[in-house]
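To start, the structure itself, in structure tokens.
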């Protein structure tokens, strides 16, 4: 059966390419989603994409991902305080990789900590929009391991 | 000219495969280094590998990396307090990606923060030993961008 | 005139019965709401039920409760940071009892504090889904006292 | 066999009805104990009541409760610092519900946290002396679940 | 070309005039918006008004303001934790003045800090609903300076 | 009777126009005082101006303002630690508006908090020297409300 | 009617004169009590004295003081953590002056704060055993003021 | 030789009797100084009185007290942050008693700590203006002990 | 003259052997005391044993130890907050070794710190009930050194 | 088979006997090692001793101890921050007892906490160099228990 | 043109030589100023000296130094809280070296941090009054570098 | 006998001249050592120089300095956490001056505090590489004072 994953982007990421390009680069969200879907297709994976500025909608989307095999999420600023999103990720028990475009550890204090990071399988930041590709690879690896079962742990 | 990178592992990583396998998996450091070198070769990149339990030796190695194109570093527990390693990474101005095998945000409090993370180009954790491969890809991407110069930023 | 109250559930509580059953039990939200409405009916009280994953919608619902006699709210993870919900509860000046299924004091640090708890009339946690029934009783008691006026305080 | 529970009140609760009635209401401890025993009798439960201003005596009483089925405790101000009482509750492994008359989250900072709350089965505050009745119901529910065994968890 | 600004009000401000009048005064949100529009008209400025209890909707509105010349925002309680709104204000790079009706420094501890205030151009609080008028004047001043360019800084 | 107010400037504000113009603008204190007096005259208000680098002198001036109708104060760096000035403002019970030229929330950590702000009627920052004009308007509004008495509160 | 007060000493004060004399002086508790009773007699006041190392007993004694006119208490180390004693002092609503022999602000960090001090009428420390005499005078003054009623406040 | 002491009052105490009388009472500074001088005379002690709103002047006055036998100081709000006054008191090595009219431990958080208190001989607060009289008695006691030398310590 | 020591156990240690045996082992307090007395006898030392759940009684016991040569104390949970016990240990100036059965540094945060440990001669934890034997040996060593006088320090 | 243990001393302990003898006593490291080896021989245990000022060398030594039965370690100042040593101790899963000559809880604040203590089996401090002997005894006890298996736990 | 510098001393430094000589040495301020002027003369530099106990006067003096080439300042206790002096030093943009006679890092906690140190060019402490000479040398070096311009940086 | 001192440089200082020249200047470590030795020769002092990136080697070097008269140390980033180096400096009881090239108080938060500074005789920072010369002078002064004995203290 085909592996299906969700690419979920949080608040202000719809402005990608327009917002401060020194931090976030010049590619738009559409570019990022296209590249993600393309790589996924090469690797035999289907993608559902979504973006929302609303915490509640993001929780809804994560709930929907229960019927999928994994999630790549860039929670944007919600990373720093949304325990509701954290609870959603934990509750759905679907492999999840968190990605941030910039190096959040090198920016303002409030960005150093992601309250979501403790419940995800992988965490990637500072690699620019290329981080989405790494996150996809990490997620697929994780899904494969999960399917292989506990014996195949590495 | 061939791209050359250093794979640097910190304290206790020589015990990989032996140390708690639930957290770190069953592969040895040798396995990890081999896989890293192999992938690098496929991508046309040469690798220098090193491991040390000594903070001072790690600083020395980072200094030696000035003649290379980049560093993938797993600083182990030094991540949480070694400002000397942080200074070394910052001083050599060589692209650097930090990697941790486990999800440090999901373990003891003292592991949640890496004092080195603020000066690296990319940060990856929680992806198991597969994270080394992702780190290598992220590093190469970063080296290419750097060579392309500021105009090619994305 | 019939007493009318709102039963309001916050983020991820729509997953009740599915989410980690060791913490939250095996009953669904529908089960909980039915039992609540049933007990209320026995006690001569009408109920409006609502659930949302969105902070803004929860604020809207609390505003609507101005035309009712009281609120039982399980704010889920919003309990830990939603000053908007706190302000809403405080603004509508309707008796309100906060309930949590699990004992939030025995879980992760960030769950130990509810920013809403300072403005509610009663607070109940750790009693499982049975806590909703206790909350209803506490709310009705509070409504009766309020109707009886300051002289009947006990 | 008849269910038997202890109602244990801590420091200054012997002044109930006399102490600031705006916070604690006008009923005396005797009133509260009578109402508690009465409701318990209706529910087929026997009660042992005790009050002490001494931390050590409260620890002793909790130890005695090992021969009973459960405890309802209002630890008064000891809630905020008595790790000895916390240890006693944890050691005796008897179902226990903590109750406070006032909403401790709405008062001085030092009252916001109960060091005992992490080891109790249920926690109720802000419901006035009516909270004792709710605590009794919660305790009986918990005792029933325990008797029913792990299969009946809800 | 006519200057056009947005007046954006956050959670619970739809209850203005009804909510505690000792703190917020007796005028409704409609009154406030009318007075704001009227003054703006006198000063030759057009106004778009919006209110929402939802963080995500507020982020959306701020994004829409990219086609306008400025924003007056009263973020209500979101001021104290919404890094998503902060990011939105920072991302759109449109002049923005933050206003609070009450003196947030004289109230509960959690209200003393606005996480948004670091990215706005002006900040006004404690002046009652009259603060909106001051905010409008401050915003227009800021827009004029911006149009005049760096040379006209004062 | 004519309304009379004091314009009080604290330490280092005598260097206005000379000190870092990127933060404080290029206008001198004399310019600012003149503009303030002029606007006040238009609004039928008399002004007493004063500046001092000394905390004690500022306290003295505030005491003198007991015979006036209000104070606009820019306490400069004393804002961040002078409880003596705070006490003086509170003691004289004269309407008072605090103003800062720069946005203190966007600068060094120690500037984020004004210990005086909790006892003033209005607080304005980040609006440049134009903030003095806004402060004057806010003060006059406050004086009028006070004269109108509690019934006219808005 | 004769004024009657309690002199209450807490833990380890029974060792007075024996314990480190550089800090506490060489007079025994008996000496201190005698001098206290003697001065009281001169001032027409009767004294009940008590000492206990037990927190619970001290709470009991404070409750007994409800039939007296005032309390002078040296809570010893309980000053630093006994919220039970604090609650007792607050509950009995009897004038109370707290005294410490040594200057607690000049000793170890944990002694700098008395959790009881916020609910007493007067607080004296660092005056040696002479502080008891000062406390008695302060207490009598306070009792007189209370009897004179609110009009005679000074 | 006659004992001579200084009575030193800090910022805003010149407003005594005028400032919030619920906290500070209705007597003026003049009243307080007169009563102080009168009691001192009865006890055979001469007094120099001084008041200043300026930290620097208070330091100067303390330096002048080197030619006197002791100091009673009410540092007002400077108590909470003036390390300069603390250093002055410590440097002059003259017996010193600190007094506050109100109970600083029962007011705002920032008033709970006096940075000066660690270097004084006695500390009295919460006894109203009567505290000055107690402070004088404590100071004289301390001066006598000092004159009697280390052998007479009590 | 025979060396005589006290073995003092604090709250909940009377439940030893019954309380969680994974943490505390399966031996009862009686077993522990017997083994302790037996070893002491072998080493020519007499023992007084005592246990209490009451802080005040423990203080009393420590005072009684003034006529003995040393104390081995397991203060149980009082270790974490009883400054009264700390003061008692410090006041009696008798050699004292503190012992905990479990490794308190490896358990809940509140157990990491013993407020008593700063005034004892030796501190032992994590060695199980065997720690009592080590504590006895350490205490005897300390007593011998003390008797030998300062010259024999090692 | 003979039991073999490592005695490992950290930074500055090579100065033993020379460094402040009031704190550390007058015996040299050689003396301490000899006494340790001698007692071990009596108890039928072989010892490997090592000392290093280098964190990395200490980690190496701990790794070598995998072929031994246990470790007695005095980590010196590394105790307070070396997470690398902590990780090493945890990784090798060899019984380990930590010892400090002085009572670290009674010295500077930074010495109160050992980050290593949470992963050792026993912890002893304040018993002077005699603590090494106690540590050896505790370690042997722990090794015996481990060999006896889980059934013999006490 | 002759280089001219200011030597500015803060509160309590007028007591130099009299104040605790163990910490500050036995030389008077006059001695220190003379030695400073003498060395300056040898190095061809003119000196203006000033001392004040008043924060405001120190700010005034720093403003006057705008016509000089540099400042050596010993801010005394103001170092620990005077943001007004910090702002003055930053505003005048004149080279400035801060000096403290004692090693402030080895004294009370509140002395460990100088809020001024972040805006000075050099910082020297713990070298006794000889530190003034070092500060003068450092200042002259800095002035020379500044005159030489950015090219001569070393 | 000739005075002999050690110049000890810590981690990353071997990169001097290469590392960020805006912060550290353009001179190499060799240049700095040469200038240091030269000045020392002029002042009749011999120098031993050493640099290491290893904490352990630095501790070893400090131990070797026991045969010398003093140490000038730039501990680099170890300054911020190496209690092992602190202990070494304290243990050898040799005069020691700490120097930093940049003003550590004006950089990242983690650089504001040196844990070593509390045990050195002098502390100099922000004076560029010229600070080494000042440190040498300060050290020689300190050595002379020490040789002159306590009577010559200044």
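The letters A, B, C, D, E, F, G, H, I, J, K and L name the chains in turn, as written, and every chain counts its residues from 1.
Please note the rule applied: a residue touches a chain if its C-beta (ideal position, glycine included) is under 8 Å from a C-beta of that chain, and two chains touch if they have at least 3 such contacts.
This structure is a prediction, so every number in the text was calculated from the model and none was measured.
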Graph separation of subunit E and subunit I (steps between touching chains): 3
Self-contact between copies subunit D and subunit I, residue sets same or different by half: different
Centroid distance [mean C-alpha coordinates] between subunit L and subunit J, Å: 32
Length of the line joining the C-alpha centres of subunit K and subunit L, rounded to whole Å: 22
Where subunit A and subunit G are represented by their mean Cα positions, the distance between them in whole Å: 63
Residue list for subunit A, restricted to those that touch at least two other chains: 54-57, 81
Pairs of chains, among all present, that meet the touch criterion: A-B, A-C, A-E, B-J, B-L, C-D, C-E, D-G, D-I, E-F, F-H, F-K, G-H, G-I, H-K, I-J, J-L, K-L
Footprint of subunit I on subunit G - complex, ascending: 10-12, 14-15, 18-20, 52-57, 76-78, 80-81, 110-111
Subunit C partner contacts - residues on subunit A that touch it in the complex: 54-57, 59-60, 63, 81-84, 86-88, 90-92, 115
Partner subunit E, residues of subunit F touching it in the complex: 21, 25-27, 97, 103, 105-106, 112-114, 117-131, 134, 137-138, 141-142, 145, 153-154
